[in-house]
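In what follows, subunit A forms one complex with subunit B and a second complex with subunit C.
And then the complex of A and B:
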């Protein structure tokens, strides 16, 4: 205090040029240095972001294509239903020897001697084992196809697919690679006739888990994730907003509410795997809910998302100018009317942003789902949230553990899809913010 | 008149406006913010259809007193009010009194114009809607028109009622806030430095408006401007350090005040 008054007096008395050195040059130098640090930090961040995206995209973009072998398949009645029982017992169609159809078609297309068993085996290995179910589904859906010849596009086996995309080094010794010389020759032949070609990989979006990479996709996992997101949205948004409104507007400010506030802030920082343990012990072991079900996953993710939503909502409520509250109260609005007619609508952009960020966080969460058994090999679409299902990030985690080259590209491909989902959700948050934002 | 204490009656007899009945009576009003006492046993009565100005240096308790009149202090957790304030014989701090009802009868205009970020129309109709004053759209339209006319804003905004209220100029926003307060047909309008955020032209318009509103409403206005108090009010009350120093006819207050402190403040010797 004395310093201040004395300097005020002395500057008043002293002439301007005699002012004491306050280090103008140093100040500007410090400012320039600080700007340089900031710029460096941003550049480093951008570099790593670029490296991350480059790695994922360069590895993953091939996952969106899949090699298919298109063959004229003769749906011979002799093979599918030799005793003509399908009228009496349609289940016969389910167990027919469909791989034989594929073998015959390959033998014909490649001109192999059917008696040469090892050669025929090499040929049939080029087509995915999923061809059995593909042909079965065709026949079951349309039994009239039996006895005719139809052109069917079959999935190439994973290694053939990888070789066709140039991902397998074909120059190494034949014994050290999965694709044999004879198969390479056939691939060339099939490619020349146009029977083997790459096409857009719709299966990546529709299939479920499979041990064969060419027949595995994220469809089932995506549906599981969708169920969980809906559960999180339906539970976390109303609970979170109601809790925030109560804490921010109605609760008395005392030790207890302070404690609750501190705890909510801490809960936002609790490692997500702890929520998984909580879900395991409460929802599965105590409440007896089904294992690996989206409903449990949704509940666990709700618990995890709640603190984020509550913190965002409280911040948004706090940011509403008090003059708006006074205006409404001064007109005789009740507290509830003030909040629901004026404060909450103005806080809505913040609430929605917080909710979507929380949902995006939940969508990418893996650890808690591992503990409640959602690391499951789920082939069929879950009919309801109570059925066993898995989630997108868990599917990525499981694929990342697989050895085949074709799973590596699928892992990156699935990461790309997940990232696109997250970007879309964040864009949605920004757009909602713009849409609801009001200036005063 | 029969509500008045003997002392107040005696005092009133000496005054020019002694025939005007009291609308609100404050008796021994004290306000505490937690441990801190902000008002000390203030006895101040507000006369009907009169503009009462509350003046005094910053932090003297004039805004605090104003806010006790429609219980806006209730919104502050630590705030406690003792004493008695009546509106037309009814104690406004009585537990049976609904604060919503009270605020519909005692409206308020704030220091900073605070229209809702909604259309001009919605700003004016919000009060009537929550108090159920209008049944039909036509009723609401009528309320909007008369309220805006009373606030002297109708001609300026009648063609853009559905544009945002926040798009108006500062002075227009403040008049919109007055229209919004008037729309619920209050009996008393409290104004907390309504012109402090406005330029001189807008201030002049609001002052003119206050003058006109006086015929239908009882107005209590807090102001920092001596000239404004002199221009718009008939009665003036001077606060200092939480005490009511003097309450008198405005003419007398600005020419020949009873209290030395009032004279000093009006002359600009402190404050």
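And then the complex of A and C:
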């Protein structure tokens, strides 16, 4: 605005004035450029944020759906238990030929000639190999089902699932893609009869590691992460609070406390992978704790989170005004009573905010866990923190290294779940701060 | 206890403190003994069992003895799961030990020998005995402590002061954990690194230009790899440099805009949004680099090449210095911007007003007055950011590649110190080969680099803060 009026004026005035106005014009132009640079920088940052989130969401939202093929399965006694031994030897049920049940059901549903082996093979390839365990569990849980026909919803194989979600380019020559023309025809047929449909993917939340994308989920990894978060919370919060109370309220000001101060600030900036090396050589090599156990991961993450909590707690303690302390001391409270009855409760919101942020950081940490052997193929839920387990971000890392299309989708889905956890934790921290923050 | 004088005010300390005092006496010594016992008893028991092993085993050297000891312990664990009938059958030799244990889910390497069962039973009885004695001793100590404490209590007794002294001790122990962590990091890595330097000379490590650790099959031996640090260091610094080249201008300009130009509303929205970038786990950035940025750069380079030369061949690899650096740069934007933002807003109002009052435009004020005043702080912030770039792991693991080479083309893959630490330590490992121990030498190098950067940066930032306080 100002430079416009000045440019209009400049045509009417003396040469010297004009020269100065040119300078002003240049300076204002520089000003606008400078401002534009700043705005661009912010927009670049936000642009990448949105691209990142968009990538994850657009690749990942389909992971929450899973194609299932619902078939009437005839639990024929002839196949499961031809010699009728299940009364004497229940283990027979574990080793029965369950894929045969699926094959027969598919042959019937699709109307294929059972003698045409290649065709039958193509048909059975459409169903996940996990159908075997699924049917086995059904029969073992309820042996009375043998001899009857029940409708069972089976997982579709990973590639069929991808094709059904439209992620596989079906215009490519048949030899170059994993889903064959015949299978596509069957898919259409099954979809029309309603036998093949997409349903909510509960398996993503409950299954463990698997080499088949359709049967793998984050349930086991999430439990491992939960164990570690509990260990971090139980250890890091009391130790961190105790340490910061000592440093802030009791420690004499001398070289040693200076050193501790520098040391803690420095620990907060040590690369996380170094903590992994520490855990490997002290907890596993020296103390002989089990590899890939959640307890070691929890201890490593505790050490990593401690500096964050200590720094936040010290800031919160510092923010409590000295008048509170003086009042309590003046009424005859001891120093310990002053701190634990008055200062600490007032500093608690700040402490909890710092703790939640530290926990959120620990939840997303991957590198140290790789070194202590949590890159493990864990199928079963860990019963205790001492059992082999894996963690959510490590599971993401392992899936990211898999080539199949269906794993990319699951990786993004798992990232979405991880990010949702982090958002919830951070929102909690922000709300806590808003709700309880006091200005003195 | 309060009734000792009938009046509460006659007590020196509140009744609760007396209670805590007794509890401390009951728990602390007992817990201490328990801990010592738990740590020490396995050694004693193992020694006893070891000496009970037959001479034929002991004469075969320490390694065999340890192996047999391990088997005995496995047998001992297995024996506990057997019922008394089965146990009798095993001890009398009528049933096969291996099969009996396998049925209970305890696998055994070989068939097992009679002396093992004997030794295992010896081990079990020792262990059970130790458990019993331990429980008894701990219980006695706890009761004795409590009795001693209760007898000491009287109205003028200064229970609170004693409780507070224990609490103070606890606080002191907690704060020493931070120091212990550092000592642990340095100590553990140094000791492992020294073991590494016993087989590879330090000069070959620090000045070697070839990285070829050559994982040899166990036992084959003889194939010494080459462990040159320089290619890894070059890759680390190169990627960090690319990341900084991207993050510093963007982050700095964003900070300047937010500190000096943005309206409170804009600032209130943009700042937290940018900080979301800092809260995203690095594995997510790695995935982003792997599936989006890498392929995008590869394809666009092929297109560009095609437009210019007509030959549609990509000149940027999907895993390259540029991919890793760019994505790491995105991650670093919020670090640069929020650290610089804090520092710029700390520059006193008076400097700003003085410059504006003399007729300078805002940008001139920023360039000529505020930035020079904030420069030391900003340099500190940039050093902190650089240390983070050097120590970053997951992005480079997924985006930088594993080829260790020294070259200057940012479109080719290079590897970093952190990638090699992860590579050397994942999978099955034994802890006496230089192939795994080298990870600790790399770790201590990384730790030393980041430590120097951090200490110098923290020193600068602290100095700067004092200047304006």
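Following the convention adopted for this analysis, the second predicted complex is superposed on the first by the 391 of 440 C-alpha atoms of A that agree within 3 Å, B and C clash if a C-alpha of one lies under 4 Å from a C-alpha of the other, contacts with A are read in each partner's own complex, and residues count from 1 in each chain.
The criterion applied here is as follows: a residue touches a chain if its C-beta (ideal position, glycine included) is under 8 Å from a C-beta of that chain, and two chains touch if they have at least 3 such contacts.
The model shown is predicted, which means the values in this text are computed figures rather than measured ones.
Colleague: Both complexes share subunit A, so when I overlay them there, do subunit B and subunit C fit or clash?
Modeller: fit
Colleague: In the superposed arrangement, does A:252 touch subunit B (first), subunit C (second), both or neither?
Modeller: First partner only.
Colleague: Classify the contacts of A:324 with the two partner chains as first (subunit B alone), second (subunit C alone), both, or neither.
Modeller: A:324 contacts subunit B only, not subunit C.
Colleague: Once chain A of both complexes is superposed, is A:262 in touch with subunit B (first), subunit C (second), both, or neither?
Modeller: After superposition on chain A, A:262 lies in contact with subunit C alone.
Colleague: Quick one: is A:150 in contact with subunit B, with subunit C, with both, or with neither? Answer first, second, both or neither.
Modeller: Neither partner.
Colleague: Looking at A:334, would you say it contacts subunit B, subunit C, both, or neither? Reply first, second, both or neither.
Modeller: Both partners, subunit B and subunit C.
Colleague: Now for A:230: first (subunit B), second (subunit C), both, or neither, which partner does it touch?
Modeller: neither
Colleague: Please tell me which partner, subunit B or subunit C, touches more residues of subunit A.
Modeller: C
Colleague: What does the superposition give for the shortest Cα distance from subunit B to subunit C, in Å?
Modeller: 6
Colleague: I'd like to check the shared interface: which positions of subunit A are touched by both subunit B and subunit C across the two complexes?
Modeller: On subunit A, the overlap between the subunit B and subunit C contacts is residues 334.
Colleague: Okay, in this complex, where on subunit C does subunit A touch?
Modeller: Within the complex, subunit C contacts subunit A at residues 160-161, 164, 167-168, 170-172, 174-175, 177-179, 181-182, 184-185, 188-189, 191-192, 249-254, 256-258, 260-261, 270, 273-274, 276-277, 279-288, 290-292, 330, 333-334, 337, 361-364, 366-367, 384, 387-388, 390-394, 397-398, 418, 421-422, 425-426, 431, 439-440, 443, 446-447, 450-451, 454-455, 458.
Colleague: What residues of subunit A sit close enough to touch subunit B in their complex?
Modeller: Touch list, subunit A to subunit B: 252-253, 321, 323-334, 337, 341-342, 346, 438-440.
Colleague: Contact residues on subunit A for subunit C in the complex?
Modeller: Contacts found on subunit A: 27-28, 30-31, 33-35, 37-42, 44-46, 48-49, 51-52, 55-56, 59, 238-240, 242-247, 250-251, 260, 262-267, 269-275, 277-278, 280-282, 285-286, 303, 306-307, 310, 334-336, 360, 363-367, 370-371, 373, 375, 393, 396-397, 400, 408, 411-412, 415, 418-419, 422, 426.
Colleague: Quick one: which bits of subunit B touch subunit A in the complex? Just the residue numbers, please.
Modeller: Of all residues in subunit B, those touching subunit A are 70, 72, 75, 77, 100-104, 107-110, 112, 114-117, 126-127, 130-131, 166, 177, 180-181, 184.
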